[in-house]
Amino acid sequence: MPYVNIRIAGSLSREQKAKIAAEITDTLERIAYKPKSYTHITFDELPDENWAIAGQLLDEE
Amino acid sequence: MPYVNIRIAGSLSREQKAKIAAEITDTLERIAYKPKSYTHITFDELPDENWAIAGQLLDEE
Amino acid sequence: MPYVNIRIAGSLSREQKAKIAAEITDTLERIAYKPKSYTHITFDELPDENWAIAGQLLDEE
Amino acid sequence: MPYVNIRIAGSLSREQKAKIAAEITDTLERIAYKPKSYTHITFDELPDENWAIAGQLLDEE
Amino acid sequence: MPYVNIRIAGSLSREQKAKIAAEITDTLERIAYKPKSYTHITFDELPDENWAIAGQLLDEE
Amino acid sequence: MPYVNIRIAGSLSREQKAKIAAEITDTLERIAYKPKSYTHITFDELPDENWAIAGQLLDEE
């Protein structure tokens, strides 16, 4: 712990995921004093038709 | 917010997801007074072998 | 299953939760053909200072 | 309920998932007195590049 | 990882949580070959009025 | 979306949560091109006895 779950519609490149994981791990070390090795981060990339905002699936927009 | 996560075994058609999202968003507006634009809904469709009830995977039933 | 998790900032009255649960269960029966007894719904009510939108905790707004 | 969500990087065989579900359901019956039929267990198998520990994606290791 | 989230209505004693955590960690080591130190387990204990089955809050039953 | 859930054992001060939310929202804007207003972040602060690592509750350590 901490355990961080990031959910997005669409996908991220491997490079984007690597950078995001590095930055969030750094944020939690500096601000919450969590050693880097404690932080787990997971990415859930959902199809646009599996995410709705305001009652509409995102692939409608 | 609200953030609503719907998890099912098996899959739903795009049409089913659209209707479910529209109805739940409406429910939260009428009953919880959440403006429609605030509500996010995600669908997680799991393979039957990734869901167990009573200690048995659903593809055994 | 289905398993539905509803997360909001702030709280709902017992009556609101009862109505929301009844309506969503009904929605999933009519549209996704899930028998009512299959549907589990959970509510997570978070303090405003535990939810951020646009980088700001909700109790700042 | 209970609802148990197991998230791993990589994948499990069907046989592994069946055994894990059976054992955890048994654990919750013996220790928490939850009838077996109440327990739902889901498995989320994530690609290695979607899980980071210590700021590094697992496919880097 | 693995990351295991156990959600129940009502509460568990500290002793029950300790035993459940020990057994599930053991299960994942024997069956999924995950070293014990990798396994994180969290418990979410919800009020009965925050869990519905079949469209009814559990405190109605 | 994105929707980010941060789970920790113990608690964070309001100031820590504000800074973490601001930084992660910034990270997702710079790296994943998500407008700040899209990002929702939630914090779940769990009691130490509700989190286990290596089969031991954290309040044992």
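For reference, chains read A, B, C, D, E and F in written order, and residue numbers begin at 1 within each chain.
By our rule, a residue touches a chain if its C-beta (ideal position, glycine included) is under 8 Å from a C-beta of that chain, and two chains touch if they have at least 3 such contacts.
Predicted, not measured: the structure shown is a model, and the values here were computed from it.
Shared contacts of subunit E and subunit F, meaning chains that touch the two of them, come down to A, C. Here A-F and A-D were compared by C-beta pairs in contact; the pair with more is A-F. In this structure subunit D contacts its sequence twin subunit E using mostly the same residue numbers, the overlap exceeding half. Here the spacing of subunit C and subunit D, counted between their Cα centres, is 24 Å. Note: centroid distance subunit A to subunit B, computed from Cα atoms, is 20 Å.
Listed for subunit C are residues 1, 3, 7, 40, 42, 44, 51, 53, each touching two or more other chains. In terms of which chains touch, the assembly is arranged in some other way, matching none of the line, ring, star or all-to-all patterns. Interchain contacts (touch definition given at top) occur between A-B, A-D, A-E, A-F, B-C, B-D, B-F, C-D, C-E, C-F, D-E, E-F.
Those residues of subunit D that touch subunit A in the shared complex are 7, 44, 46, 49-57, 59-60.
Touching subunit C in their complex are the following residues of subunit D: 1, 3, 40, 42.
Only residues 14, 17-18, 21-22, 25-26, 36-37, 39-45 of subunit D touch subunit B when the two sit together in their complex.
If you check the complex, the residues on subunit D that touch subunit E are 1-9, 12, 16, 19-20, 23-24, 27-28, 31-32, 34, 51, 53, 58.
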